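Two complexes are shown next, each including subunit A; its partner changes from subunit B in the first to subunit C in the second.
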Partner chain A sequence: MAYSDKVLDHYENPRNVGTLDKNDPNVGTGMVGAPACGDVMKLMIKVNDSGIIEDAKFKTYGCGSAIASSSLVTEWLKGRTIDEAYAIKNSEIAEELALPPVKIHCSVLAEDAIKAAVADIKAKQAAKETA
Partner chain B sequence: MSASLEMPVSKHAEDSMHPIYLDYSATTPVDPRVAAKMIPYLTEDFGNPASRSHPYGWTAEKAVENAREEVAKLVGADPREIVWTSGATESNNLAIKGAANFYSGKGKHIITVATEHKAVIDPVRELERQGFEATFLEPEPNGLVDLEKFKAAIRPDTVLASVMLVNNEIGVIQDITAIGNICRENGVIFHVDAAQATGKVHIDLDKLPVDLMSFCAHKTYGPKGIGALYVRRKPRIRIEAQMHGGGHERGMRSGTLATHQIVGMGEAFRIAREEMDLENARIRRLSDKLLHGLETMEEVYVNGDLEHRVPHNLNISFNYVEGESLIMAVKGIAVSSGSACTSASLEPSYVLRALGRSDELAHSSIRFSIGRFTTEDDVDYTIELMKSKIDKLRELSPLWEMFKDGIDLSKVQWAAH
Partner chain C sequence: MSLNYFELFGLEPIFNIELATLESNFRKIQSESHPDRFVTASATEKLTAMQQATLANEAYLCLKSPANRAKYLLELQGITAISETNTAMPMDFLMQQMEWREATEDAVSAKDIGALDNLLAEIRLEAKSLQESLVSLLDAQKDYITATDATRKLIFIDKVSEDINRAIEQIDI
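Our next item is the complex of A and B:
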């Protein structure tokens, strides 16, 4: 199968691979997918007090397009507010990476991972306020 | 590709158009000795073997009959028991549909195994649509058929059983002597798909309790597009032809014989007969070396029984690494993956699933198949490549991280999508 140059670039040189401290109150974690389906993405974001994402890290079990989708969003997330992050759509990811139709689900998974990470940080913030 | 314009520094340079070939179970290159023998039958000796009235036909017929003898010799058969076909898929169709239909008066139940090649599974499914009943036996976790379960599957109306000799995905060797004896005791016709077996295991049909056996040339360094079906003469097994028109091959398979292809198959099988013992010893050394090299990594599992298997095949799961990304990572070698991820369905291999492998392990599998032209350098390169890429992909894998943290992945609630 032919991959686009951008997919190959992210796959060969993935950006921001790693893990943040999940117990840090400023870190939100989103893990989506299932091993049985052949892809699992874990996305972690670190948000400062102004609600801006300072750091993003990922780990992905999946095909080259899944790895590229998650690598790309870690680049996009840095410097954005969590609301801006939440607004990222899978179609933007798919377009940027020129994903073929059979790989669109990889971009959907990346969008889901962002939403899950944002939901986690919001839950942590809400817990902090009520505490 | 700009890379292909440069002179390769070595065979192992990252030349993505010519990776090291480790997919001999998919097909083999035609041995140059085979190709050389075929060529005159395309140009000078082009006659139709069915032409009885001139030397062109006689020469072609002689070549076809010599090849028939060579094929028969490799498998311990009488040349008159060999019927030419277009390949193992046609042989399987002819054997299964041909015997089931001919003997359908005796019963309409067929036994086969869930890990058979699609060229056996699909004809059996087709017979089901025509009113036959079929049992698809689940193999044991090592890929082998349990003889007691096979025995228990036989019914009074069982007419045919089909079990492959060497599995194409996992390389395990079924005990066809024992299975054939059970068939004999119960009056069941026994077909064996031996497409992956010729030149790898000794076959002696003179002694084996097998009634029908399928062969092809292109897994044994012959050309694609030619195969054969063994049809036992004593006791005589009858099949209904699936191809009509001219009555070639004693009415069992009509169609002008492809002389050059047949000559190729004969020469390929002659070479296999003469060289297989030496070749297999060499391949076993390479296979052992590859396995030992790969097993220095953690969480590496061989799929299929280690003892009852051909050394040519190593099907290995690299846990916590996804198959398609793995294939992408190992561009320097040509292998196949048990994970058919190019489809949207993300179906892992049905063979590995039938062994009870988890989805993750099935998705993370690579089939390495070694052959005549594999060198020790190829194996060394493959081990180093696999180690470095597996390390890299595991560094990327959240599942590997969880495994290292001691989390039991089977207890995690996954959001299936």
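Our next item is the complex of A and C:
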């Protein structure tokens, strides 16, 4: 199967690979997995006091499309609010990367990773407020 | 109505199948439908034999692998264990997956086959315990919900073992 140029670019030069301090109260972590192919994706976002995402890092073990999807979303996330991040749809990711139908699930994985990371940061913030 | 994979090999539809029976009944169908036996047969007979051989292959590969067998048993119950839109797995399980992946990566860059072998042994142990729990979940308790979770885990574990095996082969070369 041929990958699109954008997938290849992200696959060969993935942006923002790495981790953030998971114990930082301003860092949210999203971990998801795709049983269909055994891919695992970890996405971490650092949010400032105004709810803007300042930094995003990812670590993905999976195929080129899964790596490209997570690399792309880390670029998209920076500068967005967590609510804007939550609204990102897998179809936007799939379209940007020109993913073929059999690889759509990679973009689903990336969307779910964002949602999980946002849910984690919201839970951390709620815990901080009640503390 | 067409036979399901278990019926094809005369097996009871359970997880804990007799692998020797699967093997021998597969060989039997394979030889019965072998093209050599149909050299002088009609086109229809040839086609039927070929379809039979293809089906037997597919069924054998499915039932031979514990993860696929569990997935297939759940399908017979109308449960789709693997959906592309369901990416939720227990957090501790995903953490463990990440750790195994990271350890594999480290061992590969250090060309440390010993470390990869140890990792593989640890993962096989986990696969074995999941398979044991699937025997009781699927065959005795008929707890298909919990069995679905265990099946999903087993598929992840198969994938990481495959990747480690490939890494070992590449280092060996």
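One rule holds for everything that comes next: the second predicted complex is superposed on the first by the 127 of 131 C-alpha atoms of A that agree within 3 Å, B and C clash if a C-alpha of one lies under 4 Å from a C-alpha of the other, contacts with A are read in each partner's own complex, and residues count from 1 in each chain.
Assume contacts are C-beta pairs under 8 Å (C-beta built on N, C-alpha and C of every residue); 3 or more make two chains touch, one makes a residue touch a chain.
What you are looking at is a predicted structure, and each value in this text was computed from that prediction instead of being measured.
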First (subunit B), second (subunit C), both or neither touched by A:38: both
Which of subunit B and subunit C A:64 touches, first, second, both or neither: first
Contacts of A:27 with subunit B and subunit C, given as first, second, both or neither: neither
Touched partner set for A:72, first subunit B, second subunit C, both or neither: neither
Subunit B versus subunit C as contact partner of A:53, first or second or both or neither: neither
Subunit B or subunit C, by number of subunit A residues touched: B
Where subunit A meets both subunit C and subunit B, residue numbers: 31-38, 40, 42, 59, 61, 105, 108-109, 112
Interfacial residue positions of subunit C with respect to subunit A in the complex: 81-89, 91, 93-95, 97-98, 101, 152, 155-156, 158-160
Residue ranges of subunit A in contact with subunit B within the complex: 1, 3, 11, 14, 17, 19, 31-42, 59-64, 66-67, 101-102, 105, 108-109, 112
Parts of subunit A lying in touch with subunit C, wherever the complex brings them together: 31-38, 40, 42, 59, 61, 104-105, 108-109, 112-113
Subunit A partner contacts - residues on subunit B that touch it in the complex: 320-325, 328, 339, 341-344, 346, 348, 358-360, 363, 395-401, 409, 414-417
